[in-house]
Each structure stands twice: as C-alpha cells, then as structure tokens.
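Going in written order, the chains are labelled A, B, C and D, and every chain counts its residues from 1.
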Amino acid sequence: MLTVRFFSLIREALDCEELQVEHNAAMLTVDDLKVSLVGTGGDQWREALYQPNVVHALNQRVVNTDHPLKDGDEVAFFPPMTGG
Amino acid sequence: MLTVRFFSLIREALDCEELQVEHNAAMLTVDDLKVSLVGTGGDQWREALYQPNVVHALNQRVVNTDHPLKDGDEVAFFPPMTGG
Amino acid sequence: MSVLVQESPFSVDSQLRILLASNRGAGLVTFTGYLRDFSEAGAIEALELEHYPGMTERVLEELGALAARRFGLRGWRIVHRYGRIEEQDPIVWVGVLADHRHEAFSGCQFIMDTLKTKAPFWKKEFMRDGRVVWVQSKLDDTEREQAWQEDVYE
Amino acid sequence: MSVLVQESPFSVDSQLRILLASNRGAGLVTFTGYLRDFSEAGAIEALELEHYPGMTERVLEELGALAARRFGLRGWRIVHRYGRIEEQDPIVWVGVLADHRHEAFSGCQFIMDTLKTKAPFWKKEFMRDGRVVWVQSKLDDTEREQAWQEDVYE
C-alpha cells in the first residue's frame, strides 16, 4: 500500500486529506501514481494534481515526479510552501 | 577657552582626561591646537597626538584636522573606536 | 532537538533562554515573524497555518544543522507555530549564536530565507471583509532562497 | 529616545518589551553582543568599555534615525553598556522592526557594522594571565562599514 496525502488548496480542491492506494508493479514512479489517481478521480483530480507548481514529496522529501515508488511509501502533493 | 578631551590609550599616555586651553586668534584649526599642545607638552604629547589613526572630534563630531576652531569649542582626541 | 513546532503561542523570552542554556557565543541574532495586519489582499484579521507534521520538523532540523555547518554556528533554535494565529502573535522565531556577528546574521537570514520556501507550511489569511485567501508563494522568496545556493559555488 | 547607554547590566527581555511597546512590524531582528571569552590576545576575564558621554548617545541616535530612513524601519532601539563587563553579560543590544524581514536584517546589520567604527567606545581587555590590552580596531570592521557607504551609490 501507498499512503497519499494532500495539503492546503489541493486538499481543499479534492476534499481529501489522505488516501491508501494499492501499490502494483506497473506503478513505477510518482508520475504513474498521478495517472492512476486521475483515472479514478476524474477531471477534478486532474485539475488539482496537474496545476503548475505542484510540489511532490516522497517519504517527506521533495522529489521529481520520475522518482521511483515502492510499497509502503508515503507520497504527498501540495502547492509551493509559504512558511515563516 | 577650548575644552580638550582625551580618551582611551591617548588619555593613558598623557595621563590627562581633560584640559582647558586659551583660544587665540592664531589658533585657526585643529592642527594649530595640536601644534600648541605639543609645544607645551613636549615629546610625549607629540608621540601620542601624532600617532597614526588618531581620530579628531570637534563638538562631538569627527572632523579633519584642518577644521576651523572657534572659542568655546570642545575638541577630543582618541584612537579608532572599538564599540559593539 | 533545537526545533519546536507547536500550535499554542510561545514566549520569545523562554525560547531565548532555552537557546542560551545550552550554547554560548559572542553574537546572537534572532528573527521574530509576527502576523502582518495587511497583505496584498487587504486587511488581515487572522491567519491559519497548515503544515505537514513530521516533514516540517525534519526539514527544520536539517536546515538548522546545515546552517550550523555552513556558518560555523555555536547554537541555533527554530520555533514555528501552526494553526490559527491571532493578531500580534509571533509565528516564527529563529535564534542563532556564533563567534562573530557576521556569521550570526548570515546564519539567521539563511535559515529564514530557506524556511520560507522549503518548510511545508501553508498560510491562509482571514480578511477583515470576510474573504479567506491562501497566500501565494512569492517569486521574491524563491529568488532569495536560490541566491544562497549560488553562494555555495562562488 | 531609542538609545540607552548605561553602566549597569540590562535585561534583553525588558529592552525588547520597550521596543515592542511603541512600535509594531511583521519582522523583528535583534542582535546581542556578549563578552567573548577569547580574543587574539588570549583568554579574557573581563572587559572595560570607555566611552565619550554625550557624543556616544548622539552618534547612536543619528545612526538609528539613518537606518530607519534607509531601510524603512518601523522601530529601532540601541542599548550599549560601558564600564566593567563580566563574563557572559550582554554588551550591546540592537532591535529593529520592519514590514519585511529583509529590511529588518539589513537595518540591524547596518547599525551594528556602523556602530563598531563610529560610536566612541574603546575596549580594554583584562586577560586571565594578568595582562591588560586595549583592543585594536579591525580592518575587517572598517571594510564592513565602508561597504554600506558604497552601497548607497549603487
């Protein structure tokens, strides 16, 4: 299983904080996970996950979308950070 | 009269904190005051007042030694400042 | 642990005492960020800070350790709130100790500039006129953070 | 009056409260300078700070006002001790408030860099081995101060 988390306006757009997603052999990268999420969720999810500047974190580190996935990973999607 | 003040190692070298000096018409600038002080004080004063980097203040503002003097002025001699 | 991420308000005095209890240095620089009462969107009543628990602490710990190595800091502490912030409350406090003032200033500014774009916080502004606005990241902030990266290779 | 020059120790907490009582800003940067326990001359036991009463206050007032204009500060306060300083006591405290953090950092650093070479203080170090040494001004400090002057014409 993968844990998928959403923050800030992506969380609000999807009305979803966290999902558990089955990890399968075809889901090689973060990109593949996004395709799978949009396949299930439809246009609203496409719009939220493919807006410009979405940040992708894998196990709490920012990564590129071609980063490989493995079972048990935690993936998060969020807009650019605005701390301080 | 002029008030002349000395600080830090110049004060220590001269063993003098403050002097009152008669202001006369020939004492046009801070330079003239220095010449007069050395004339009275001798070598020890020459060494202290002409060492490199002496800072000159007139009425509590740093000035060049060619700055004009007038009766009632306060002149101070000190080494480079080391605050903070 | 030199990082504190909490929902409740904190006291700047106490945080400073914690930093000084374990570290000494000739120069101390602190930054405190307060809620701005006005933004590009108008007059602000309150702020809500969302964050990514776990990742936040990790990013801040790594950031402090990096600053300590890069600027030779004697000590550092980073405190950040999340949740709802009312007017005039401090949001963030960073304190750094160094042997020389220039390192202390640079270390503190580096931490703040990097934290702005690298720590997973998101600000939502509650405006006086009733609107609720997610704060957009500023190009300015990204540029400041990147300037520190270029600095490494100079 | 935002300048305090005094012989007795001061509390950083109290000074901060005084600054915040009259001014607000989104960013606060403070610098605190402590007695260094080691210098080029060796291990230090205590420090004696001589100053030029009257001129000191005037220079610091003008410096704070200049920093406020140059960096658009919302508030500032400069506190400096003179006389004998024992180990771990703060010598100098500068706090500045601004709308943006970058102005606050620059304003505080400008005040410190300028104060070092323009405020009439002279430090005498009492070493652990019994020697007494007047601190020499550092070329480094002069260069930092001059860099701010060049900055004006950039």
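Criterion: contacts are C-beta pairs under 8 Å (C-beta built on N, C-alpha and C of every residue); 3 or more make two chains touch, one makes a residue touch a chain.
Nothing here was measured: the structure is a model prediction, and the numbers come from that model.
Asks: Between subunit B and subunit C, how many steps is the shortest route if every step has to go to a touching chain?
Replies: Step count on the best path from subunit B to subunit C: 2.
Asks: Where the CA atoms of subunit A average out and where those of subunit D average out, how many Å apart are those spots?
Replies: So the centroids are 49 Å from each other.
Asks: Let me have the rounded angstrom distance from the C-alpha centre of subunit C over to the C-alpha centre of subunit D, please.
Replies: 24
Asks: Counting only Cα atoms for the centres, state how far subunit A is from subunit C in Å.
Replies: Those two chain centres are 26 Å apart.
Asks: When you check subunit B against every other chain, which residues touch at least two of them?
Replies: 84
Asks: Can you list the residues of subunit D that touch 2 or more other chains?
Replies: 33, 101, 112
Asks: Please list, in label order, each pair of chains that touches.
Replies: A-C, B-D, C-D
Asks: Would you tell me which residues of subunit C are touching subunit D in their complex?
Replies: Interface residues on subunit C, with respect to subunit D: 12-13, 16, 24-36, 88, 99, 101-102, 104-105, 108-109, 112, 144.
Asks: Which of the residues in subunit D end up touching subunit B in this complex?
Replies: Touching subunit B from subunit D are residues 33, 49-52, 54-55, 58, 80, 91-92, 112, 115-124, 134-137, 142.
Asks: Note which residues of subunit B are touching subunit D in the complex, please.
Replies: Residues of subunit B touching subunit D: 5, 7-9, 11, 53, 57, 60-62, 76, 78-84.
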